[in-house]
Amino acid sequence: MILKIDNVTKNFGGVTAIKETSFSVAPKEIFGLIGPNGAGKTTMFNIITGNYEPSSGQVIFRGEPMDGLKPHQIVRKGIARTFQNIRLFSSMSVLDNVLIGFDFQARYGFLESIVRFPRFIKEEKRIKVRSMEILDYFGMASFAHEKAVDLSYGQQRKVEIARALATNPELLLLDEPAAGMNPSETEELGVIIKKARNDFDLTVLLIEHDMKFVNQMCDKVLVLDYGKTIFEGKPHEAIQDPEVIAAYLGDFHND
Amino acid sequence: MGITVSKNQWMNVAMVAFAMCFIVFSSNYFDEYSVRILNNIAIFIILAVSYNLINGVTGQFSLEPNGFVAIGAYVTALLLVSPEAKQYQYAIVDPYPFVMTLHANFVVALLLSGIFAALLALALAAPVFRVRGDYLAIVTLGFGFIIKILAINNPEITNGSLGLNDIPEFSNLYWTGGIAIIAVIVILNIVNSKFGRAMKAVRDDEDAATAMGVNTFKAKTLAFCTSAFFEGVGGGLLAALLTSISPDLFDFFFTFQLLIIIVLGGLGSTTGAIIGTVLVIGGSEWMRFLDEPMHLFGYTTTAMPGMRMVVFSLILIFIMLFAREGIMGKRELKDFFTSRKKGEK
Amino acid sequence: MDVTIFMQQMVNGFSLGSMYALIAIGYTMVYGVLRLINFAHGDIMMVGGFLGYFGIAILELPFGAAVILAIVGSALLGMASDRIAYRPLRSAPKISLLITAIGVSFFLENAFNVFFGGVPRAFPVPAYLEVVVDFMGLTMPVSAILVPIITACLLAMILWVLYKTKYGMAIRALAFDVGTVNLMGIDANRIITLVFGMGSALAAVGGIFWAVNYPSVEPMMGVLVGLKAFAAAVVGGIGSVGGAVLGGLIIGFTEVVVIAFLPELGGYKDAFAFIFLILILLFKPTGILGIDFEKSRF
């Protein structure tokens, strides 16, 4: 198991967002975290990325507890993420966005960059080549020098995933990757994620509302409702589970 | 790509060479008044490009320059004023014995000025960057006041509100201009490295930067300390240009001037900071008439000292409301050349 | 130690602290709804002091009428500054808003400096405020007793507005989420302007207190007081009205007590507020009664 969530609870003031949840993700799995609005999915993401500290319980990544690590340290351990509402660096080019992912992997110091040491030049060249390779993989190399914000929504989503891959992760967290995309873009995205999983040796954990997308993509799903696990198993079984249906119906009812 | 880079490099070399020729030419042929303004411009270029690093590039709103410039000015002054001059200057109380023994050459004095300022920045970074960026503004503003209060209340070192006089006039265009060139190159090299990218990422979206593994606290602290270092050095140059300094010189107005410069030039653009300096420092000389009595349609108004400040603050509000990007936006000079190249392709 | 002297200093501290508190409330409320450190707030207080001065010395109004003039004028100025300088920047980066606030602050200071001169003008304090009363062995002017009482009344009013009226509910909702307020069918911009008006009115009262106490007005009088009041707001917990009052009192007391009992530190009295500020940022960044605005929302 590459990621193990061990009996995690998260309280905000008096509200319990996640209650004693445990699950495990196997290497190279595409694992879906689903559930109605307010089920605690995003909270779970923020606990894994270190943005929230769990009230109790542990996150264990590759056998190592992640307790007390800051978000940027967790990224360096090999967990990368994308955001629900794409958050690219708006003033920077597509290439620079991806280069940020190499920030902690470029081996040169502050003074070396000031005097432009040979190692600086070598390392900058190396990470630029790597970044272009990743962009090329997503078919975005020709946009490298465009401003990230000038791209279409679907392209921005790809750049965001490329940027996350630049941190060289083993586990990739995708927060509603299909949100705001049209059916053909969603289709294309699904193909890319599956392909990247193989080519980059990735484990993928994703939050998604689009059940069709989940059904196509995920090897396994966990359904949360009001912070509690109500189902864990194959996606097509989830859709038939009475408790899951009840939870979603309740959600529709509320809307 | 390879060709563009070397073309850029050639352009950089050409610009540095041009700046050097201009320095040599103007120090030999310009009159004293013009040289004085050029010295001011050179020092303010150092201050503005470094202030822009924390405010514009990193997006952390700091109001620190007056404090760090004051530190630099006092360190340099204490190290340069001769013991004989110190002997008769301290009119309020006798100085501490160690003050009399302080002495160093100009280069060491400037370096120490920068280092002192940077160390203070490091000490401030810990409390300030633990919370949101905008607290930085108030803490640094308060810090500027504290520096002034310290300078006034420790006459054994600073000679209190009388300040220090007879600082040897070591600053000339070769020093101020030369260090300005170095400061611009160093800052641009930082901006165009992973450190600068991390700083820009912090400005654009701090949470996303963290999610890319960037240690945002480190990026902010690095920008803050680097800008403090050059502000300290600039303060040292200023002390050795003015030959006398006092606590009043470094009040908030000093910071305000720099703020206008970088906002006018375009927050985040080093080129913009340089253009802004020339416009504001030059313009401020030109606008001197505003503070003096005016003759309009046969009437003479009374002198209105401070009118320039009113105009400057209106300009600042105006830029923010109607031209937020300033002159350069976040672009640099080289961006104009590269974007043209892309069009050809 | 002499008990009377101690009590006397306590009253002074309470009086000074009340003034900081009145100004700090404006900072904390504006920060609550806009996340803006309104640099011009201290200068609004200065304008309040000047309006009071003009009312008495030039328009020859009675003191009470001059105070009302100051309050109304400052409230209008605060609302106008929001309408003209801040509202167009609602969706702009935070840094633009801060820079504009500094521009407004510098404009007010220098405009008053140019047109009314930088020399302090003596503030005509009505004689009945300067009457020295003897109260349980303590001697003090009436004004020193009135300041905390008036502050308490104003505080009660503010709390009533915040917790008992529809507008107050909107202000508190706005401090957490702009979206909810728009859902409630209230125009967020109007609420924000209202907050500027309320904060500026309180600052004007603070400015009058200041002018009566010193007794003078000058264009730069708001700078340091404003900064200290902001520090007070952060120490107490930015976003919380009670915190602003608490922070103001703490800083006021400290200044008075230290000067009274450690006179050798007197030269540093203006530094205490910032030292408090830095300590609180180090150990409890949300302040004593603070609300955590820092949590990033994904």
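By written order: A, B and C. Residues from 1 in each chain.
The criterion applied here is as follows: a residue touches a chain if its C-beta (ideal position, glycine included) is under 8 Å from a C-beta of that chain, and two chains touch if they have at least 3 such contacts.
All values derive from a computational prediction rather than experimental measurement.
In this assembly, A is the chain whose CA centroid lies farthest from the centroid of subunit B.
Just to note, of A-B and B-C, the chains joined by more C-beta pairs in contact are B-C.
Centroids of subunit A and subunit C (each the mean of its C-alpha atoms) stand 46 Å apart. Our note on geometry: subunit A versus subunit B, Cα centroid distance of 42 Å, whole angstroms. A straight line joining the Cα centres of subunit B and subunit C is 32 Å long. Across the assembly, subunit C contributes residues 296, 298 that each touch 2 or more other chains.
Shown for subunit B are the residues that touch two or more other chains, namely 207. Among all residues of subunit A, those that touch two or more other chains are 51, 83. Across the complex, subunit B is touched by residues 49, 51, 70-72, 75-76, 80-81, 83, 87-92, 96, 99-104, 106, 108, 110, 113-116, 120, 124, 127, 145, 163-164, 166-167 of subunit A. Taken in their complex, subunit B has these residues touching subunit C: 55, 59, 61, 63, 124, 126-128, 130-135, 137-139, 141-143, 145-146, 149-150, 152-153, 206-207, 252, 256, 259, 263, 267, 304-307, 309-310, 312-314, 316-317, 320-321, 324. Within the complex formed with subunit A, the residues of subunit B that make contact are 186, 189-190, 193-195, 197-198, 200-201, 203-205, 207-216, 222, 268, 330, 338, 342. Per the touch definition, subunit C reaches subunit B in the complex via residues 35-37, 39, 85, 88-89, 92-96, 98-100, 102-104, 106-107, 110-111, 113-114, 118, 223-224, 227, 230-231, 234, 267-268, 270-271, 273-275, 277-279, 281-282, 285, 293-294, 296, 298.
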